[in-house]
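Shown below is the structure under consideration.
A, B and C are the chain letters, set down in written order, and residue numbers restart from 1 in every chain.
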């Protein structure tokens, strides 16, 4: 049994944002699945999705700060800079974190750990409304 | 056809550990699937799962050493340090490596390459017994 | 409904390569799926798969250049160097980027964003013909 829909998020500022409730509030269909998976897929190459700590906002701030160290702007060897200094770091961050999360469903709910939440990782300076494909498969 | 169970691993010390046999020995049900997937999902944000070399233990040691360089303790800009210097690096490592692996099943077995094994990546100093959700879907 | 096949890619040189068409041209069976997923799984620990920008080749060059900075050859603490200086960095890059991509299918086609393509990331100096497991599940 499959269910699929596409949604467009509101624009988020550059950084890491907790979106668990934004997702689940639009998926009442999940209640019908005893067991299965939800996949969230982001249709972009300069933003990403990950799962991490859902409580303390300083974790999300530290993610932004540390990923800016690992993937700096204006590296001398970057050749792709059409869209500004945040362009190439955004692509690198996107592949490092990934464009999808797949979460087990148990008894109609996401089977996340107590401290796990879904992050939208916006790597560009300019806010974008990002498009997601939500797909549930299960029984 | 879906099969799902939760297991708790024994505590592992900080580092990268090969757990392929720990997983498969608890999944005799996999024999019933001609084709499909096994997903292993870790319900934590300071440990992770990945697939890598299954033979030489120095590979796992080098992973620990190099990830400690990329995600150092006590960076001046970390704000999240409630639980000690290994806290924030653990979160960063977890999202970089990921909280799940999804492996194709072929004729009742994991269809891994000759040199591939499943790693539990424990990023905290104190041993934890980590909880995993194992889900098989297939036919 | 499941469909699975294994393919062997032609050898690619070290670096990041766009292989979307290589994959889709060998999967006419995808047309039969209204909704579902394609998983591409690489059976190796020194090459990887990711999704990123499908247009400007300098993005792929910048990936190679920046990943060589993050995962350098000949780090003093590497103990695993049997197969040369590109050996351990290849394992580290492989787990950072991942050994699989899972892409939603909608109306018989990969539901990728406009700018998304599938990359084969070859981390070894010597060309290898890499083995992939392609699995479609859907309805």
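Everything that follows uses one rule, which is that contacts are C-beta pairs under 8 Å (C-beta built on N, C-alpha and C of every residue); 3 or more make two chains touch, one makes a residue touch a chain.
Just so it is clear, the model here is predicted, and its values are computed rather than measured.
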Using only the C-alpha atoms, find the rotation that maps subunit A onto subunit C and quote its angle between 0 and 180 degrees, to the nearest 5. 120
For subunit A versus subunit B, which are copies of one sequence, does the interface use mostly the same residue numbers on each side, meaning over half shared, or is it different? different
Could you grab the centroid distance between subunit A and subunit B? Build each centroid from C-alpha atoms only and quote it in angstrom. 20
Which subunit B residues sit where two or more other chains touch them? 70, 96, 98, 102, 137
What does subunit A use to touch subunit B in their complex? 35-37, 50-53, 56, 58-59, 61-63, 65-66, 69-70, 96-98, 101-104, 106, 111-116, 119, 137-139
Sites on subunit B touched by subunit A in the complex: 1-2, 4, 39, 41-45, 70-71, 75, 77-80, 82, 88, 91-92, 94-96, 98-100, 102, 131, 133, 135, 137
